[in-house]
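See below for the structure under consideration.
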Amino acid sequence: MAFTLFILLIPLCVFLLLALSGKRLSAGVTGVIGTLGMAVVAGLSCFSAYRYFFVIGQSGGNFPALVPFSFEWLRFTDTLSIDLGILLDPISVMMLTVISTVSLTVHLYSVGYMRGEQGFQRYCAFLSLFTFSMLGLVMATNIFQMYVFWELVGLSSYLLIGFYYTKPAAVAASKKAFIVTRFADLGFLIGILLLSYCTGTFDFGELTANNGLLVIGSTTGMAFLGLSAASWALALIFIGGAGKSAMFPLHVWLPDAMEGPTPVSALIHAATMVVAGVFLVARMFPVYYFAAHDVLMLIGYVGAFTALFAAVVAVTQTDIKRVLAYSTISQIAYMMTALGVSGFSGPDGLGYTSSMFHLFTHAFFKALLFLGAGAVIRAVHSNEMSRMGGLRKHLPVTHVAFLVACLAIAGIPPLSGFFSKDQILDAAFHHDKVLFVALWLVAGLTAFYMFRLYYNIFWGKERTYEHKPREASWTMLVPLGILVVLTAVTGFFPFSKFISSDDMGYAAGINRGVAASGVAVALIGILAARMLYRKENDRPAQLAARMGGFYRAAVEKFYIDEVWMFVTKKVIINCVARPLAWFDRHVIDGVLVDGTGRLTEKIAGSIKGMQSGQVQYYALVFIAGALAVAVWAIYI
Amino acid sequence: MDFSNFLKLNQEAGLVAVLLVLLICDMFGGEGPKRWLRPTACTLFAVLTAIGFFLPATGEAFGGMYVSTPMTVLMKSLLNLGTLFVFLQSGQWLRSDAALRLREGEFYVITLATLLGCCVMISAANFMMLYIAVELASLPVACLAAFNKYKEESAEAGAKYILISALSSGIMMFGLSYLYGAMGTLYFDGMASMTANAVTVIGFVFFFAGLGFKLSLVPFHLWVADVYQGAPTGATAYLSVVSKAAAGFVLMFTLYHVFGGMEAVWHTLLRWIAAATIVVGNLFAIRQQNIKRFFAFSSISQAGYLLLGIMCGTAQGMASTVFYVLVYLFSNLAAFGVVAAVENQSGRTDIAGYNGFFKTNPGLAAIMMLAVFSLAGIPPLAGFFSKFFIFSAAAAKGEYVLLFVALANTVVSLYYYLLIVKAMFVNPAEEQPIGRIRPDGYNRLSLIVCTVAIVLIGIFSYFYEYIDSISTGMKQLN
Amino acid sequence: MGTQIAFYTLAAIIVVSSILAVTAKKMMRAATYLLFVLIATAGLYLLLEYEFLFAVQLTVYAGGILVLFIFAILLTSANSDRAEPGDRKKIVSGLVTALAGVVITTLVTVKHKFLYAPPVVTPENEITMEKIGHALMGTGRFQYVFAFEILSILLLTCAIGGILIARKR
Amino acid sequence: MSILSLFVLIPAAMLLCLFLCKGTKAIRAVMVAGASALLALSLVLVGLFVKERAVSDTAMLFTQDIVWYAPLNIHYAVGVDGISVLMLVLSAAVTFGAVFSSWSMSRHYFMWFCLLITGAFGFFISTDLFTMFMFYETALIPMYLLVGVWGTGRKEYSAMKLALMLMGASALLLIGILGIYFTSGHTTMNIVELAEQQIPLAHQRWIFPMMFIGFGTLCALFPFHTWSPDGYASAPAAVSMLHAGVLKKLGAYGCFRVAVSLMPQGAHEQAWIFLILSGAGVVYGALCAVRQTDLKYINAYSSVSHCGLILFAIMMLNGTAMRGAVLQMLSHGLTAALFFAVIGMIYGRTHTRDLREMGGLMRVMPFLSVSYIIAGLASLGLPGLSGFAAEMTIFVGSFQHPEILHRVLSVVATGSIVITAVYVLRAVGKVFYGPVQNEQHLQLTDAAWYDKIAIVVLMAGIGLIGLVPSSLYNLIENGLGPILRQPGAS
Amino acid sequence: MIPMEYYLTVSTLMFFIGVFGFISRKNLLAVLISIELILNSVEINFSIFNRYLYPDHMEGMFFSLFGIAISAAESAVAIAVIINIYRTTQNIDVRQINKMKN
C-alpha cells in the first residue's frame, strides 16, 4: 500500500508549485492543476479504500492497522519521537475517501465560483495545503504526528478564512479561528505531554493496544483533584478536539469563519476539518473507553448540549451561511455524543460506528448544502435571507440539490442522513435516555431550521434583484450533482461491516421504533417550517415576539461571543497584559533599571558640594580622615 | 667615600645630566639654542628612556639607602616614558605664546627634577631618602600647576596644590617620626621586623596619608579635581600619570618590604579605601562638564583599582599593578594628548565642546575613544587586560566582595566614559564646532605611539609576562 | 633642675606663641610669634644637645624663612595685614580636629612604653662637627651624601620654580 | 593554524579592508565577500566536523591551544563541538542576512559591525574562559555606537541602557570566571579541562548564579531583560538582527557551556529559582508583547519570551530539553533575525513601525508581508518551520522531568504558544491585512534584490530546521554528551 | 630628667596648633605659617626620638636637618605661588581661591 504516500505528496507538491510560482501561472492553469491533482488523489484514495477493505480485508477477524510508510522525523528521547508515517485502518481509509472526494468537488466548484477573484492562485495553493494537512492528519501514525498536521490544518484554515484579507471582518474571523483553536490545541498539547510522560509513547498502536492497557497500567496511582492522570490527559486531548470541532464553549470561531469563500466553508468548516475532533476521539476511542470512561461521559454530555444549543441558535439566524455553520456545530456535536454513548466491541459499539457513519454522510450533504448556498450567494450577491426568496425559478438545479441535502440532514429516508442519524439515536436510546431526548429534539429542530432556510431561499416572497439571478456554470453544477448522488446513496453502505470500535465489523440493523420517532419529529419540523415560511406572513414575527427574551438571546447566540470578548479583551488583555506591560515599563524598567541610574545620578548630584573648592575644607577632610583611619586601624 | 655608588644610579644620573644640559641651554643659550630646546629635550630624554630599558643597573648603593632591582628599573622606565609623552604633548602649548615660550626651558627642567624625585622615591630604601624624594617630586609640581601664572585657574591650582602638598608632607613626616620612634631606624631593612602596635599603626597611617595624597586616594583626594582642572594640560597629564604611578609604586614597595608585619592592618584598611576611592571617584565623575576635571575624577577611581592590585601583597598583585600602570599611562596620555591638542587650538576644555567631534576630527575622536575605552576596560584594548589582571590578583586573595564593588563601578565608569564617546560620536555638533585640529608632529607621534600601545599591549603577552617574571611578592622578602 | 626650668620655659613659649601665631589678627604679629616659636625650638635642640641643629634652625628658619615671610607679608600688605573676622565654622571644626588629634596621638605615645634611659652624652655618641661632616659626605650606612645631593637638586629646582612663578614675565 | 581561527580572522580582515577602502562599491564588495566567506566557511566546517567526528571522540574538535598569558594560564584555545558548529552556522547566516539588509550603510557602520561579529564568532570558537569573556565583551561595545549613532527614536538612552546593563552583567561574569579559576585550583582556564575538575559545591553555590545571571541577562532573562525592548526598538535593522539573532545566543550558549556544564551541582541545586524566573519570563514576555504597538517592541518582547524558553530548557538539565534549547537558539536566531530584517525594510519604506498607522501592506509589498508572516508562523511554532521542532523538543523534554514543579512550570511555559499566536496574528492582521491605512503607502515598493537575498537565506534556514530537524540531532547530541555525563546532571 | 613624653607633648601640641591654623586661618600667608609650625614640630620629634631612644646614630637628627631645608624650599615655592595669586587676583584670602569647584 506504499502508493498511499502519493496521496500525501501530490497535494503537497501542488501546494509548493502553486505557492512558489504565484501569479506567474494564469488562473485557468492553476485551476486545472489543482483539480487534476485532487482528482488523482481522490482516485488513489478510493483505490486504496478498495484495496484495504476488499483486497486485504479482514485478517484474523479484524481489519489490520497497516503502516506502509514511516520514518523518524524528530527524536525527543530514546523512546519518544515524532514519526511521520501513514497509518491505514478503517477510519483513516474512510476519512481519506471523504476528504479527497469533497476536496475534489470543492476544487472543481471553486474554479467556477472563484472566477475573476484576485489571488485565485493563492486560493488554490491554500486549498492544496489544506488537503495535504488534513490527509496527513487522518493518516497519522502517532498522536504527535496528528498534532503536527492538526496545526497545519489550523494554519490553512486561518489562511483561507482570511482569504479576503482586505476585509476587516475576514481578518478578524481568521484571527479568532486560529487563536481559539490554538487555545484548544494547548490543551491537546498538554494532554499529549502528560500521556507520553506516563506511557512513554506517542504511537496510536501502542496506546490503543490491548484495550488501552498501557495507559491504564502507567497511570495507576497518579491522580490530581480526584481524577486519574489518564482522565486528565484524555480530557485535555478532548479539549483539543473540542476546539477544532467547535464544541461548546469553543464553538465561537466557526460561525465567524464563514467570512471565508463559500467553497472553503464547505470543505473545511463543514465537511472535513471540523470533524477532526470527532476523528481524534474515535482514534483514541479504546483509550477513552477503558482508561477514562468518565471523560467519555463528559464528551457525550458536552456533545448533546452543544447540539441542542447550536440547533436553537440556528433557528434564529438570518445569514444563510451562519445557519449552516450552526447546523454544522450541531451535527458534529451529534457525532461527539454518539461517541460518548458508545460501548465497545460488536453491536455495543454502535455509537462509534454511527458517529463515523454520520461523519461520512454529513460530509457529503453538508458540503452539498454549502456549495448550494454558494451558488445562491453568487447569484444574489448576499448572504442574508431577507434578500432572497422565490429563487426556485431562477436556480432550478441548485434548488433540487439543496432540497435533497435538506431532506438528508433532516433525516428523511431513504437519504443517507436518515441512516446515520437513526443509528445515533438508537445508540443514545440504549445508553442514556436523557441524551436521547436531547438528540431527538435536535433532530426536530434540525429539520425545522433547514426547511426554514430552504423555504426562505427558494420560496417565500419574490424579491427584486439588481441582477437577474442566473444558474451557475457547469463547473459548479457538476460538483453539486456528484454530491447529490453521494448524498442519496451513501446511506445504503453497510457501514458497520467495515467500521466498528474493535475493527471486527458487525451487522447493524434499523431500530424501527427509534427510526419512526426520528422521522416523525423531522416531519413535524418540516411541516412547521412550511407553515411559517413557505409564504411570507407575520407568524414568525409573532412567534418571535412571544418567545421574548429567549428569542433575542438565541439571535445573539446566547451572548457566548460577548462572554469570550469579555474574558479575552477585558480580563486577559486589560487586566493582565496591559498591567504587565505597564509593570514592565514602569516598575522593572522604570524603578529598577532607570531608578538605579537615577539614584546614582542623584547621589552624584547631592555629594557634589563636598568638592567645595575650599582648600581648608580639603585639609580638614584630609586630616580628619587620616585621624579617623588611624583610630580605626589601631582598634581593628 | 665610595663614588662607585653613583654608578649604580645610571637612570638618575642620566636624568640629572639631561636636566643640567637643558638648564644650561635655557639659562645661557640665546635664541638659537632655545629653538633646539624641545628637540634636544625630547631626544635626550628618549635616549635616556632607552638606556633605562636596555642598560639596567641593579644593586644596592649608599649603604642600603638606594636599591635598584629590575623592577625598579622598569618602573622608572615607565615614568620616563610617561614624561617623554608629556614633553611631546606640551610642546605646542609651550610655544603657543611668547610669554610661555620664555619659560619653555623651565618647564622641562622642573618636570625632569620632579621625575628625578619620582625615580629616587622608587629606589629609596630609607624613609628619609624617600621623604626627600617625595618632596622633590611634589614641591616643584606646584610650579608646573601654576605655570600659566597669569591665568587665575592656574594660579589657584598652584596654590591649592602647594598648600595641600605641604600639609601632606607634614603629616607624612609626622608619621615617619613615629615609625622612627618605634623602630629606631629609617632603613627599610632595619624596619622589616615591624609589627602592629599603636605607634607603628599611627605612624603607618600618617605615612600612608602622605602617599595617599599623591595617589589621590579617598579621603585625601579632594585637591585633585581643582588642580587638574586649573593646571596646564601638560602638568595635569604629568600629575595624573607619572606622579601618581610613582606614588603607587612606592606604596607597593613600602607595604611589601617594610610593613609586611602588619599586613592584617593595611590589608583591611586598603580594602575599604580602595572601595571608597573607586566609588567616590566614579560618583563625582558622572556629572562633570569639564573634560580635565572629568579625567581628574576618572583618575581617582583608577587609583582605586590600582590599590586593588597593591593590596594583594603577592607577586601577582605587583605584576598586575605595574602592568596596570603601564596601560593606564598610555591610555590616559592618549586622552590628554587629544585634550591638549584641542585646548591649544580652540581653548575649549568643556565636554560640550566635543559634541560632534567625530565629524570634524575623526582621527582624534577615534584616539580619544580608544583611550576612554581602554580606561573603561573594553576588549581588545589593553585596559581590558590590565583590569582583568588586577581583578584576578584580587580574586586570588579571595576578595570577591571587593571585586564585586569594583566591578559594579566599572559599569558606572563605563557610563561616564560613554558620555565622552557619545559627545564625540552621537551628539550633533554645536553651531560653532571645534574646527579641524592639527596637533603638531611631536604630539602626533605621542598619540600614535600611545594608540598603538593601547591596541597592542594587551594582545601581546610579552609585556605582562616580563613584568610577572620580575615581580616579587611580600612573602619572599620577609 | 636648670634643664627642667629651661624646658618648661621653652615649652610654654612654644605653646603660647604657636597659639598666638595661628590666632593673631595681624599678619606681622603672627610672623613675629612664629619667630618666637622657631627660636624656642632652637632652644629645645640645644637642650637635647644638638648644637648643629640649633644653629641651622636659627639661621635657616629664623634667618631665612621668616625673612621671606616678612617680605611676602609686606608685599601683600595691601590687604593681608588687616584684621580678619574669624569664620566660626572653620574655627570650630579646626579646633575639634586638632583636639582630637592631640588626644589621640598623646594617648598613643603615652600608652606606648618607650624604653629609654636618661640621655647621656658620651664620647661615642657625642655629635661633633667631624662626625656630622663625615655622615653628610659619606656613602656608607648612616651617611647621607646621596640625600644631600638630591636635596640640593630639590633646592635648586624650588629656586628655579619659585623664580619662575614669582618673577614678572 | 586551526580552521576555526579563520572565523575571527575574516571579520578582522574585513575591518582592516574597510579601513583602507573608500567608496560605497568597495565597502559593499568587502562586506559581501566577507559575509559570504564566513557563510561558506561555516558550511564547510559542518562537513569537516561530521567527517572528523566519525573518527574522533574528544570533546572538542579542531582544537588549537596557544599559550597566551602563561602566569595566569590564559591560552588562546579554540575548539568546537556540535553545538558551537551550529552556532557558528547561525551566526554566519545571520551575518550574511544582516549585511544585505544594511545595504546602504556607511563605512564606519560596517567597521563596528565587523568588530561586533568578530566578538561573536570568537566567543563561539573559544574554549578558554578568558578569551571567551574577551570576545563576549568585544561583541557588546560596538553595540553602543551602532545603536547610538545609527539608531532611531530614543537611541541615546537605549544605547546607554543596553551597554550598561550588559556590561553590568558581564561584571558578574568576570567575578564568576575568576571564581571558577581560583576555586578550581587555578591550573587552567580551559573549559574542557575545567569540566573535569570539581569546583567545591560551596563555591558553586555563589558562582553559578553569577554566571547564569551574567550570561542570562544577555539572553534577556526575566527580570534583567529591559534593555532589550528599548535597545531593539532603537537599533538599526541589521543590528537588531545581529543582536537578537546572534548576541542573545552568546548569552544562552554561555549559560549552557560555562554556567551549567562547569557547575552541574550548583545548577542542580538552584535550578528551581531560574526555572521560575525563566518560566515567568516566557509568559511575561509574551503577555507584554500583546499590548505593544511598535512592531519592534512586539518582537523584542517576543524575544524575551522565546529566549526565556531557551534558558528554561537549559535549566531543565536533561538531554531532550537541552537539545530543544539548542534548536530554539537556532530557531529564534533565524526567526528573530528575519523579523527584524523585515521590520527594518518595512520601516525603511513607511517610516513608521506603529501598528496603528499601517494596514493592508500585503497588497503593497507582498514579498515582505509574506516574509513577515512566515517569520511569525515560525515564531508561533508552526510545524514545518523551525519553531515547532525546537519548542516541542523543549516541552516534551521538560515535561519528562521527574519533579512535579518542573512539570507544572512546563505547562505554564506551554501557555506561551497561545499568547504568541495572539500577538503575532494581531500584528499581522493590523499591518498586512485590512485596507490600506495611509494612501501614501500605496506608492511604496516591495523588497529590493538585496533585501530578498537577506530574507531568503534566513528563511531557508528556518525551513531547513523546521523540515528536517533530525539532521541536527547528531551534531547536538555530540555536544550534549559530555555535559550530561557530568556528575550531578540528570 | 625630663621624660621624653613631655617633649613629645610639646611637639604634638605644636603640630595640631598648626593644623588648627591651617584649617581656620583666612590669609594664605597665615596658612603658610601654620604649615611651618607643623613641619617644625615634626622636626623636633625626630630629634627627640634620636636623642632619647636611639642615640647611637644620627638618623633622626639628619632627618630634622634635611627637614629644615625642605621646609625652607617649600616656603619658597609657596610664597612664590602666593605672590603669584596676589598678582593675578589682588587678594590672598583662602576663601577666595575657589574658582574651581563641584
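Order as written gives the chain letters A, B, C, D and E; numbering starts at 1 within each chain.
The rule we apply is simple: a contact is a pair of C-beta atoms (placed from the backbone, for glycine too) under 8 Å apart; a residue touches a chain by one contact, two chains touch by 3 or more.
The structure presented is a predicted model; accordingly, all values stated were derived computationally and were not measured.
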>> Applying the touch definition from the top, give me the chains sitting in contact with each of chain C and chain E.
In response: A, B
>> Taking the mean of each chain's Cα atoms, which chain ends up nearest the overall Cα mean?
In response: D
> By CA centroid distance, what chain is farthest from chain B?
Replying inline: A
>> If I average the CA coordinates per chain, which chain comes out farthest from chain C?
In response: A
> Most contacts: which chain pair?
Replying inline: C-E
> Just how far, in Å, is the C-alpha centre of chain E from the one of chain D?
Replying inline: 65
> How many angstrom lie between the CA centroids of chain A and chain B, rounded to a whole number?
Replying inline: 77
> chain A to chain C: how many Å between their CA centres?
Replying inline: 102
>> Distance between chain A and chain E based on Cα centroids, please, to the nearest Å.
In response: 96
>> For chain C, give me the residues that contact two or more of the other chains.
In response: 90, 93-94, 97, 101, 104-105, 108-109, 114, 142, 144, 147, 151, 154, 158, 161-162, 164-165
>> At least two partner chains per residue is the criterion; list those residues in chain B.
In response: 128, 132, 135, 139-140, 142-143, 146, 149, 158-160, 163, 167, 171, 178, 181, 198, 202, 225-226, 415
> Mind pulling the chain E residues that touch 2 or more other chains?
Replying inline: 15, 18-19, 22-25, 28, 31-32, 43, 53, 57, 59, 62, 66, 70, 73-74, 77, 80-82, 84, 87, 95, 97-101
>> Following the definition at the start, I'd like every touching pair of chains, please.
In response: A-B, A-C, A-D, A-E, B-C, B-D, B-E, C-E
>> If we count contacts the way the header does, which residues on chain C are in touch with chain B in the complex?
In response: 104-105, 108-109, 111-112, 114, 137-147, 150-151, 153-154, 156-158, 160-162, 164-165, 169
>> With touch defined as at the start, can you tell me which chain B residues reach chain D in the complex?
In response: 316, 319, 373, 378-380, 384, 388-389, 391-392, 395-396, 398, 400, 403-404, 407-408, 410-411, 414-415, 418, 421-422, 425-426, 461, 464-465, 468
> Which bits of chain D are touching chain A when the two form their complex?
Replying inline: 161, 164-165, 223, 226-227, 229-230, 284, 287-288, 290-292, 319-320, 360, 362-363, 377, 380-384, 388-389, 392-393, 395-397, 399-400, 407, 410-411, 414-415, 417-418, 421-422, 425-426, 429, 432-435, 469-470, 473
> Okay, in this complex, where on chain A does chain B touch?
Replying inline: 597, 600-601, 603-605, 607-608, 610-611, 613, 615, 617-619, 621-626, 629-630, 632-634, 636
> In their complex, what parts of chain D are in touch with chain B?
Replying inline: 68-72, 74, 130, 134-135, 137-138, 141, 144-145, 148-149, 155-156, 159-160, 163-164, 167-168, 171-172, 174-175, 178-179, 181-182, 186, 206
